Amino acid sequence: MKHYTSINDIDNIDSWIKEAKALKKDPLKHKALGANKTLGLLFFNSSLRTRLSTQKAALNLGMDPIVMNVSGDAWGIEFGDGTVMNGNTAEHIKEAAAVVSQYCDIIAVRAFPTLTDKAKDQSEHVLNAFKAYASVPVVNMESATGHPLQGLTDAITISEHKKVSKPKVVLSWAPHLRALPHAVANSFTQAMQKMDVEFVIANPEGYNLSPEITKDTPIYHNQEEAFKDADFVYTKNWSSFDHYGQVKNTDPNWMITKNKLGNAKFMHCLPVRRNVVVEDAVLDTDSSIVIQQANNRTYAAQLVLKKILEHV
Amino acid sequence: MKHYTSINDIDNIDSWIKEAKALKKDPLKHKALGANKTLGLLFFNSSLRTRLSTQKAALNLGMDPIVMNVSGDAWGIEFGDGTVMNGNTAEHIKEAAAVVSQYCDIIAVRAFPTLTDKAKDQSEHVLNAFKAYASVPVVNMESATGHPLQGLTDAITISEHKKVSKPKVVLSWAPHLRALPHAVANSFTQAMQKMDVEFVIANPEGYNLSPEITKDTPIYHNQEEAFKDADFVYTKNWSSFDHYGQVKNTDPNWMITKNKLGNAKFMHCLPVRRNVVVEDAVLDTDSSIVIQQANNRTYAAQLVLKKILEHV
Amino acid sequence: MKHYTSINDIDNIDSWIKEAKALKKDPLKHKALGANKTLGLLFFNSSLRTRLSTQKAALNLGMDPIVMNVSGDAWGIEFGDGTVMNGNTAEHIKEAAAVVSQYCDIIAVRAFPTLTDKAKDQSEHVLNAFKAYASVPVVNMESATGHPLQGLTDAITISEHKKVSKPKVVLSWAPHLRALPHAVANSFTQAMQKMDVEFVIANPEGYNLSPEITKDTPIYHNQEEAFKDADFVYTKNWSSFDHYGQVKNTDPNWMITKNKLGNAKFMHCLPVRRNVVVEDAVLDTDSSIVIQQANNRTYAAQLVLKKILEHV
């Protein structure tokens, strides 16, 4: 594997999950692998879990992480081809990506979507520019349309917590006041489609994810119906894809409650707004496995970095 | 020791001072102790000495420090219980603290007081939330009401520089234009109360610290009288505690001068405003031991981390 | 060598280039040299290349880099002597530099000029204050008037890419919309004056660099004439020195084109504004060696740190 920028880069999710579990049991086993190698973590946006867990993963492999908040620490980056750069951007991605490749053995990038320019976001222009112009492997730490480190984490977590061989997994939209990206929902959907689970999506009308992502996954507009006999309810808000980036619905009836959940386990990528997305009674009980899920971020990242280091 | 959040966590200050001095002589002796362990440094506020010295202390113990400016790097954190999070905060401390505990073996936190909400500040709601919801030890890098790494540093410094067995130590208020916290003055007071020193406090009327802190320590409103025969004058501004967070007095007569100081050594936690809090003639001569004091920040932090690592 | 703050600190540029090339071939050879030593990187301004390459250089030598964005992470710093600090600055450089010296074995500083106060900038008041008050070596990561890590990088790069024993090197001004510093142009000029090259400068009238820098280097106001038979064209915008910090000229005819360049190699310190300073046709072809140049930033920094560590 050269880059890891999408769930599609996972060749065999079952063997990846197995490897990640082995890493989790013995996280320092491959400490020599990354010796004298640097991981550059470039953040165009805020991050807590990704920032910490990816550094931890790098340290477990003996790598030196170097963190940079691109927006605050460096220069405005230009992505346009042929631009006359007489505006606010001071450095072109062609130079930026090539230059960072001189100092870092792997580049990890977080760059959220605009949520206003659908074509630009769908083109993954930031991530793909890094892939095009960096001379080293690129890892997606959440891009415009995907968050594959999270999706891999979620697959590992479901594998660990499932009590039946083929659990029913529901991805449920939940209300939120702000316009949020589709990245987590997309990568989770793609991960579930690769696993041996019964997977359905629940979201209000007008909130279907991109059909290129959902493919033939059943989509319910009735949450109760979707949740029936669920083993896992993965919750996430996203803004409308059809009315791109708009908040058309904040219906509190879609909030996740203990009552709705029944015996299902609650999952969320975090951060989560309590009593808006999900009620306290879920998060504060054993129904929730969000912290165990967050813990797996380390091993998902570590597996990805290990595979890249072994390939280099 | 699990957490280190207050001077009250020091069981025997004399033995701690002795241990800190031993660490200072041989800072790398315990380099194996922290191997493969991470210290998360979470800053809700600015920091120079604490930021650098705590990282240095961690490195001396072989730990990997991971620094995060919470406000700039991550999400607004909610501390309220049962809050419907439809405002500016995006992540609850219950999740944040539990999640950071997945990636860091020790969490160090800096969170200043509001200085407007006395009850909230006195409750130490940020620090206590970390203690409640983190699953790993928590170190106070200056909270609403205490700065115990500084207080321990100050105790070490006085022990190193004293020329009589029981020196006279004065904590003196000095003028400042802004409303400053009570944390440093509180922790210094608590540290001195544990040491074998003659300890008095000098501050203008209306500027007494919390009586729960000062207890039976003599308080002078006449600076000259308090400074008589002093061996150490520890200076710090704080805003009014009674008229909570207000600046009721900026009397320049309380500025520390070479003349007032006599043979006493001048101490300050830094940063210090020259010629407002203290005149140049003090800082630029041997009367001042502020740099030696700052140096001890490393060994105070290292001792605390060492004790926590040994306990884990 | 104690400090490295100017190209003048290079005693013999040819032997330094030779040593840097040796480091580049075997970057980890001296990994033991910096063990248990910290490099403090203090940024008053934005940085990408310097931030990453200097950390990489430190890691190659086994040092622990500690990065701080002074403006965002810590306190406003006062540089005036005798100031009554009742304004926006909270900490004097006398304390700041002395304190950082307690935690870091070497201090590297980036502090750009005001471009409004010529006397202040020319006095290098920030850099010189660090030299005066720090008790450890100071490295210039770009100051008001110089960028000697870049100048050394450039010398190494020219030495690697030259095809004749004494190449012709042109430093050419190019247009830019903003007022930029003279630091890079100054240090490049000083480096070239020390090397066995034919060195000339091309800039519009009214844009001569300080005569104390240019000395007897020929200055052309006709770019075409200057470029004749050039082997290297080093391009950089700078604001007027005579009309200090002003942008008096943005003539697009001074933009570097493939046509103007002929067989010469194009160099630039980066970031560079495409199609303003230089056209795409230069950067996107073998005419440009800017990425190779950026790569050498690591070895220039590593050589400087190595020499300091060996001297300490």
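A, B and C are the chain letters, set down in written order, and residue numbers restart from 1 in every chain.
One rule holds for everything that comes next: a residue touches a chain if its C-beta (ideal position, glycine included) is under 8 Å from a C-beta of that chain, and two chains touch if they have at least 3 such contacts.
This structure is a prediction, so every number in the text was calculated from the model and none was measured.
Touch-path distance (fewest steps) from subunit A to subunit C is 1. Under half of the residue numbers found at the subunit A and subunit B interface occur in both copies, marking it as a different-residue contact.
To overlay subunit B on subunit C by their CA atoms, one rotates by 120 degrees, a value rounded to a multiple of 5. Rounded to whole angstrom, the centroid-to-centroid distance between subunit A and subunit B, based on C-alpha atoms, equals 39 Å.
Residue positions of subunit B touching 2 or more other chains, listed in rising order: 72. Within the complex, the subunit C residues that touch subunit A are 28, 31, 43, 46-49, 51-53, 55-56, 59-60, 69, 72, 177, 270-276, 280, 283-284, 290-291, 294-295, 297-298.
For subunit C in complex with subunit B, the residues that touch the partner chain are 36, 38, 40, 64, 66, 68, 72-75, 78, 82-86, 90-92, 94-96, 98-100, 102-104.
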